[in-house]
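Paired with chain B in one complex and with chain C in the other, chain A is shared by the two complexes that follow.
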Partner chain A sequence: MTRPTSRRDPIGAACRVAALVVLFGFLAFAAYLGFTASQVVGMDFLRGASSGAADSAGIGPALAGTLWLLLLTAVLALPIGIGTAIYLEEYAPRTRLTAVIESVAANLAGIPSVIYGIVGLALFVRALGMGPTILAGGCTLAVLALPVVIVTSRTAIRRVPAGLRLAAYGLGATRWQVVRNQILPVAGPGILAGCCAAFTRTAGAAAPLLVLGTATFMSFAPQTPAHPLTSLPTQIFSWATRSHEGFTALAAGAAIVLLLLLLVMNLVSAFVVRRLGGASP
Partner chain B sequence: MMPQGVAGAGTASRAAGERLVAHVLLACTVIAVVTLAAVLAVLVREAGLFLADVSPWRFLTEITWAPAAEEARFGVLPLVVGTVQIAVGAAVFALPVGVMTAVYLHQYASRRATRLLSGVTALMSSVPTVVYGLFALHFVTPVLQVLWPGVEAFNALSACMVVGLMILPTVTVLSREALDSVPAPLLNAGLALGAPKGRVVARILLPAASGGILAAVLIAMARAVGETMIVTLAAGNESRLTWSPFEGLQTLTAFLTQLGTGDAATGTREFQAFFAVGAVLFVGTYGIHMAGRMLVSRSVGRRGQ
Partner chain C sequence: MKRPAATTDAPVLTAERLSVRFGRSIALRDVSLAIPRGRIVSIIGPSGCGKTTLLRCFSRMNELVSGASTSGTVHFAGTDLYGPDIDPVEVRRRIGMVFQETTPFPKSVFDNIAFGPRASGFAGDLQGLVEEALTDAGLWSEVADDLDTPALELSAGQKQRLCIARTLALKPDVLLLDEPTSALDPEATARIESIIRALSPRYTIVIATYNRWQAARLSDLTAFLDRGELLEYGLTETLFTNPREARTESYLTGRTQ
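Right after this comes the complex of A and B.
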């Protein structure tokens, strides 16, 4: 239905302008970032350590720190989150308690990430004595990701048609057989997409890590989780607060690397989801 | 997919395996529940200790926030007002643009324009907020300073505009879902009666979707209230009550980031103040979110009937 809209449709015209404003806002943002970052392109920038001098600084340690944090978040939050979702959906009786857990998890998924930062500082850095390390950062980000993983996994599991479940039980399958052979193959792509959303949130999170206390001058890449906390988002923040233009360019460069990292994660996840989606019944 | 246990495994070992899996899954649930409960417990405990020391009345009514000063003052009002200013300011930018873009996508856009805009909003929603903060501080603020020489290096206007940019995808995507849930016959009836398209949009489409759009706005506002990095970078971190958009201010979230740079020792009143502020922020975003989710489920429920 592509009727030419009449000139006397002010609402249509306003809507077109609004769409152009969105495009313009995005283009201004992308152009600024690309232009500013173009001053620091090079392998030295990717490998180099952060430094007090703008022209010799790089993102090596920060990038390694972010990869460590992602690994820790995955190891800690994914099994527990998905396990919880399976238990609540397929094993636990529907009681008021499970309803409360569901509602609390759904709402915790929406509270500001900086709150997880202050709790992580009190809990992991101070009470458990981890100090401001990558381990404490990973634990904090895992707690941040946990509600999102639980909620999205539950939603994906709930979307599996009841008929599949009932048919399998009818044939005498046990609970775990139903979960392994019927539920997970169908719900897998949805769970994966949800986990990817949780990862995008945690990989870009600067606020909670900032609260834990991050090292912004790091001369070598972290080798173990006991290393002082460093990450791309907090490095971007630290460079952004400096007024020297060289540091602004560094921050923009680090931002582009972070965006590319997120893009690759999302593309890989979309590819795997499509493959799994094609293979499942 | 070979069924387990068919190829000779005994029923007993299969039952043991079943029990083991059930126990492992139960353990996961217990760990998750204990962790989430611990988050709430830490927040409630520290905030409670603070309010036992500083009366809730003083906390909520005094108008000076200076927790680290020699003569510490704990009036949370400037932080709450700063947060509301940023959230409302961001909504002023994002609400009209976002809703009208949703109407454009729903009613006017060609397939190519739809694909382009959907891609752009998806990209925008995955940008970490610290990157938007960089953009606000080093691009938007200098531009504003050229336009109005009175704009300070840290100002609320720049933060509002970029927080608005950040919540635009949320407003657009959720509003579009609300528009999509309006039954097509309703719109076609209007068009068949000879109403021009703009009139159908204004008199039928938008009123019918208003509940969903309100929910979209609430959810976007909750994100703006919780936004930390953009306001810390663009609006600065100095607590003051001001109505000038050209001056800096401090929000609840921006204050919380100072816990990392300060040296507040565990157990001190200054340390507990962070958790009291965190609790205020928690209650605020939780409340807005609950209201938004209730509106969404109500409009979804109506659609299902």
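Right after this comes the complex of A and C.
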């Protein structure tokens, strides 16, 4: 038998070309970004504060702001999102109200992030008087992450074999014991993967934070959530829109740091998912 | 719920005018029957006749299905299992059920057996209880050396015996077995049947089975269900040799009407 040639399999050949274009495109982009960023990235860049001069500016406050935002998103969105998913799947009776909640959660996951910024501006910044702070940003990003956490957690919970639930109930387990001992250990890797997807979406979101009003010049790193809002994506946006060439390199450097941060988050989550999936809960 | 006396000829479970609906469809219609203590009772009938539904009524499992509604009564040792003060969780601890689908938990053999006792807050000798349950289910000699073995690595027959042991660890008064051998080869089936026979003096056992010969081999009494109705119920020997209803005879002889 011979390998199918492109003449015999034109669709396969086209797919191969498409994959190569994507691969080389990505490598070229990474190389460009890396080369541009290499001019600025160093410890001074990571720790340094904002500056009007391109050669002395750093991302210290913006990086700290993003870490704060991720922490707040995790603290707010994970318990509420996973809790809602567990409630909808395991506790809620199948009524019209739960059908509406399910439909709303599924549709919210597809709404552009800038809309969440407008909601955050009206609700957190103005109505609740938080002002354009990291707390308001964290709350807004938590709302942005929530539908994704709910939808993916529900999918993971629904994939738990019905027989496991039945067997546990048949052995006299209460609903909570079934959830804690059977559902969560089995659905855990899927829930974690979904949460990671939600985090990736929020960590890279600039639009909603720009709507809230972010500080792009900050001389010190935020110590509390009450600090004015700053983040890597908004810092990148600010630098990238300046005409001075030095700021383009700064934007590339900050983008590399953001990508590495997301990469580390994804790797850690993949590692944990594999450990959870492989070990007996 | 009070525990039934060990020596009594009174029925341990009594269903009266029991009906179950799933949404608009009726799965069980006006079923009345009494399960005597310490006996093996088989429920036979064609697929979809309501065997599993009837079995699940005894441990209040049907209510976990959305849209299910049950009417009539089921008395267990004088208590109405569907009474307003009865906790279904407590019912399931007293009336243990092994399901058709063999589903060991993705945990060790030990943790599988210990699941029920732990859930009910058992505070005694868990190690001893696990050993006793595995011995009664004929699995102890095969797993004694390594109780930490993941249950999912057992063979199909061992998994089913594990599921039986898991239920025995609850020390239930009644054991409900839903098609316990439907996925097993003849050798593993024979093994399970000998275990059921060995358990029968100590437990009241109700088996739902599509395999009429298994019912004939194992049970003292047999109930024949058809389209949700109990057509005939009596001593297995009588039912198999001299069925009262024409539909029972057709089913037992393999003729379709």
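Things worth noting here:
Basically, the second predicted complex is superposed on the first by the 264 of 281 C-alpha atoms of A that agree within 3 Å, B and C clash if a C-alpha of one lies under 4 Å from a C-alpha of the other, contacts with A are read in each partner's own complex, and residues count from 1 in each chain.
Here is the rule we use: contacts are C-beta pairs under 8 Å (C-beta built on N, C-alpha and C of every residue); 3 or more make two chains touch, one makes a residue touch a chain.
Bear in mind the structure is a predicted one, so any value in this text is a computation, not a measurement.
Looking at the shared chain after the overlay, A:L69 reaches neither chain B nor chain C.
Once chain A of one complex is fitted onto chain A of the other, the partner contacts of A:L250 are absent, as it touches neither chain B nor chain C. Judged by the touch definition given at the top, the superposed model places A:V186 against chain C, while chain B stays out of reach. By the touch criterion stated above, A:A145 is placed in contact with neither chain B nor chain C. In the superposition on chain A, A:Q177 contacts both chain B and chain C.
Looking at the shared chain after the overlay, A:V22 reaches chain B, while chain C stays out of its contact range. With both structures placed on the common chain, the touch criterion links A:P93 to chain C but leaves chain B unconnected. Touch criterion met: A:R126 reaches chain B, while chain C stays clear of it. Within chain A, the residues touched by chain B in the first complex and by chain C in the second are 173-174, 177, 181, 185.
For chain A in complex with chain B, the residues that touch the partner chain are 2, 5-6, 8-12, 14-19, 21-23, 25-26, 28-29, 32-33, 36, 79-84, 86-88, 91-92, 101, 104-108, 110-119, 121-123, 126-127, 143, 146-147, 150, 173-177, 180-181, 185, 200, 203-207, 210-214, 233-234, 236-237, 240-241, 248, 251-252, 255, 258-259, 262-263, 266.
Chain A makes touch with chain C in their complex at residues 93-94, 161, 163-174, 177, 181-182, 185-186, 280-281.
Within the complex, the chain C residues that touch chain A are 59, 61, 64, 66-67, 89-90, 92-93, 96-99, 101, 103, 105-108, 111, 115-116, 119-120, 150, 163, 166-167, 170. Residue ranges of chain B in contact with chain A, taken from their complex: 1, 3-4, 14, 17-18, 21-22, 24-29, 31-33, 35-36, 38-40, 42-43, 46, 96-101, 103-105, 107-110, 113, 116-117, 120-121, 123-124, 126-135, 137-139, 165, 168, 172, 196-198, 201-202, 222, 225-229, 232-233, 253, 256-257, 259-261, 266, 274-275, 278, 281-282, 285-286, 289-290, 293.
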